[in-house]
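Heads up, the next two complexes both have chain A, just with different partners, chain B and then chain C.
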Partner chain A sequence: MSNSYSDSIPLNASSQSDIDEIENLINASVQSGPATVLPARPLSPPRASIPVSTSPFIQSNIPPPPPLSSSSSNQKVPYVPDAPTPPPPVGNSSSILATGFGPTPNTLTEPVWDTVKRDLSRIVSNLKLVVFPNPFREDPGKALRDWDLWGPFFFVVFLGLMLSWSASVKKSEVFAVAFALLAAGAVILTLNVLLLGGHIIFFQSLSLLGYCLFPLDIGALICMLKDNVLVKLIVVCVTLAWSLWAAYPFISSAVNLRRKALALYPVFLMYVSVGFLIIAID
Partner chain B sequence: MEQSSYSNLATTHLLGSVPAVLNEEKKASYEVPGANMQIFPPSNGGGGYQTLGAPTEVFEQQPPNNWKGVFSISSYTQYFNVDTDVVINRLISSFYPIGGDFFSKIDANPDLYGLIWITTTLVFVLASFGNCATYLTQKHSDSSTSWSFDVSYVNVAACGVYGYAVVVPMAFYFLLRYLGSNASLIRFWCMWGYSLSIFIPTALILLIPVEILRWIIILIAGTASACFVALNLRSYIEGNDLPMMVVASFLLQMALAIFIKVWFFP
Partner chain C sequence: MDLSQPIEENYANPKTCFFHVFFKASALAFYILSALFADSFVIIFVITVVLSALDFWVVKNVSGRILVGLRWWNEINDQGESTWKFECLDQESLALINPKDSWLFWWTLYLNAACWTILGIFSLVRFQADYVLVVGVCLSLGIANIIGFTKCRKDAKKKIQAFATQTIASRVSSTIQSAFSIV
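Take a look at the complex of A and B:
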């Protein structure tokens, strides 16, 4: 590994540049960014001293651009880290990001807030595509092309938590039942469509069924705050209809016309049972 | 490939040029049907020549089985090859206990769709209506009780219904195989699955909080379902040498009905 080499022996210039090349390739393969071809780099300049990189192997032996904060220059000084360190300090990232000549943006070195913001914006955009009326809903392939599983996970856990908080007894069992019902239900529903000979992508369908829970999440929140049976009934009916309306085009377009009802019925069953749980948990 | 770029060139006006052959790829994939390899000169067992046997043998009389392994979805799609009208037809025929022809109806194309979704619907219905019925019963006797949702009904319903629907047909299958009769597990699962469909509307009617009425309703439904199972099983076994099996299936179905009444609709 390059770490052990750079720790002990001063290398000559060509070996160091080879190591840089390899680390560049590793960087490029690890990142989830757009696939760009790495520009052909000239040999990295020979160095007087070899920096000791003691953090995980994706460490910047790459020559950093001139304006550097002092924290990153400390990395060049050999020191023993206190722990297996997470990605290098925050101040480094903005200067390393694509200079057109250097490496592609490294999602491991970017600020955490950037990562979270990117995922959040993807969740919001998927939500807008699936749950709210928009012109792309007619074409399922286009609608949820950028599927993710974070959104469904949040919605399922949120629903389980709402139900668990609403329950007066056996709270943990309620959460377990709700979570198991939704998670296993999504998988089984997708398998059902596949077994009926439909054409659907497994994870895209999981993602979709999770996003269609969003109206029921809102319903559960309202029901938790307002404990009147009649209000609960009306709210759950409205949100249930909304969820079914959101899920309908995707499922019905995936199967043969003669089997549409067979594919839609289990979706209906699952959402109705979740709606019943919301009403019934007191 | 290269052909496409060459075909764009206008070369026909050039003397001696040959136009590129188009659609070469299509022809390459054309398969000659029924190619029999024979070594010339064909000799019938004489000399040192061997003629290869005709490759187009008659296949065995097994129905085409697309089993591609346990973890491949396409090997299970053969059990879900039904349309909506077929499922509804089978569902309605399961409501008629006298008939005994269910197996002949599903013989060509047994499906597991009915088993899975009828049992799941039954679990949900029992859990939800069971809670409602329990509440109504308590309200009937003591009008100050408040609604409480017992989530253990879901667990018990799931274990009970899924366990019954999976284990009982398997037990009958193995028993019949052991006794020499020719049984098919998928058809058993299919039939038992559809036999449970009577209990779904029954659960709705069982909401009425009058005890004697509940017993009458469940006995009627249980008898209908059990007759369905027993008569179909008898016509499948096609012999009176196993009356115990038929009686056992009847009793098991009745036991399930009584369990439903006692646990979910007290």
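Take a look at the complex of A and C:
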């Protein structure tokens, strides 16, 4: 473009360089313009639409796939057209007509049902990653990338409820103690790892410790149904081992080798005490 | 037209507003009423905390989006660091947001936190550690939403300013360009 200017208009050298500068400015602003015009970030949708059986986490850089934009249509304003039905325990089911905010779909305009499904599938996939054997356990730093606290919340409340129902006296205290122990324990364990110089993110670790409670939840459920001491002992031992196996790679990869035992021992202690609570409740 | 217009002048999204307030109010109401009638603590705890958690989810994912056009969440990037992400509607849609909606949104958030703080003080004074636990959980959920949305709003304002200066700069440069082409 600068050539055309110099061809058609006789300019002296300083004006030409000024024009070049202005052109560069124009080009720079035009190029960066579209990036700033769309304020919404499409990063989280890709994780939602990927089926749970594959690993959702590695693909966080992939641009959003087409199915998500299927809900975007022609209305100008985000608008709730029909009544949200009385919400099921996990959320509303009203649908929102998404707007056409430029070419990329974004989480601001997705229907509510999509959000619910996304969160639910995230819980399930996190659970599978943490508790069940899968090839991505070798890279635990990346595995729990999509942490969420809903799963741990449900598991902690469930465990407290199981313990409370199994108790014949002092049900409220049992529940409160179980909840407080697990919540405070998770926080303290996370701080322990961080203070040992470990590289783990606070909420990620809370999420992990919560998900590792899942086997103990199952153990508590079985113990509540079957009151035999021997059965309880065996079940709790098995589920305790499962919990510890689940938690081990995440915690041990977060700290350096010499401090592994220091980081793992308190986790072991907490889960063993929860196991004792389950056995000892009568 | 006559029937719908007064509704639009009041709240653009009445059902979302209702749900936004409903969970907060029911958590508070349940807590207060049941504390008076001294039911089993476990039930109080579970129901109050579940209602508070549902309210947190609704505010974060639904009413934040619809009433004020803001969204926040946390992501862990490839380097393993956690970053907070904020999302906002673009300029035209932000201008279309009903002011009554956003007024309701922000004020109920603040009021909710204030009520839980007062209830927490009552429980502390009565030395009821169990109830302090419940209040603590509900309060932290409320405060998390307040902080998240306030940061998101500030981020949105910054983006709008940046976008505005960007537009002005590009318009100035395009006028200069057209001026030169005429000459």
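Keep this in mind: the second predicted complex is superposed on the first by the 167 of 282 C-alpha atoms of A that agree within 3 Å, B and C clash if a C-alpha of one lies under 4 Å from a C-alpha of the other, contacts with A are read in each partner's own complex, and residues count from 1 in each chain.
We adopt the following convention: a contact is a pair of C-beta atoms (placed from the backbone, for glycine too) under 8 Å apart; a residue touches a chain by one contact, two chains touch by 3 or more.
Computed from a predicted structure; not experimentally measured.
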- [ ] Look at A:Ser168 in the shared chain and tell me whether it touches chain B only, chain C only, both, or neither; answer first, second, both or neither.
- [x] first
- [ ] Return first, second, both or neither, reflecting whether A:Ser243 touches chain B, chain C, both chains, or no partner chain.
- [x] neither
Open item on the list: Going by the contact rule stated at the top, is it chain B or chain C that touches a larger number of residues on chain A?
Closed with: C
Open item on the list: On the A-aligned overlay, A:Ser273 touches which partner chain: chain B = first, chain C = second, or both, or neither?
Closed with: first
Open item on the list: In the overlaid three-chain picture, which partner chain does A:Val157 touch, first (chain B) or second (chain C), both, or neither?
Closed with: second
Open item on the list: Just checking: does A:Ser207 make contact with chain B only, chain C only, both, or neither of them? Give me first, second, both or neither.
Closed with: neither
TODO: With the two complexes superposed on chain A, say which partner A:Thr190 touches: chain B (first), chain C (second), both, or neither.
DONE: neither
Task: Footprint overlap on chain A, comparing chain B with chain C - done: none
Open item on the list: Can you tell me which positions in chain C touch chain A when the two form their complex?
Closed with: 12-13, 15-16, 19, 40-42, 45-46, 49-50, 53-54, 57-58, 61-62, 65-66, 69, 71, 73-76, 78, 80-82, 85, 87-90, 93, 96, 129-130, 133, 156, 159, 162-163, 166, 169-170, 173-174, 176-177, 180, 183
Open item on the list: List the residues on chain B that touch chain A in their complex, please.
Closed with: 73, 76-77, 79-85, 87, 113, 116-117, 120-121, 124, 128, 131, 146-152, 154-155
Open item on the list: Touching residues of chain A toward chain C in the complex: what are they?
Closed with: 5, 9, 19, 22-23, 25-26, 29-30, 32-33, 36-41, 43-44, 60-61, 76-80, 83-84, 87, 89-92, 94, 96, 99, 101-102, 106-109, 112, 115, 119, 141-142, 145-147, 150, 153, 157, 160-161, 164, 171-172, 175-176, 179-180, 199, 201-204
TODO: Flag every residue of chain A that touches chain B in the complex, lowest number first.
DONE: 167-170, 173-174, 177, 191-192, 194-197, 256, 258-262, 265-266, 269, 272-273, 276, 280-282
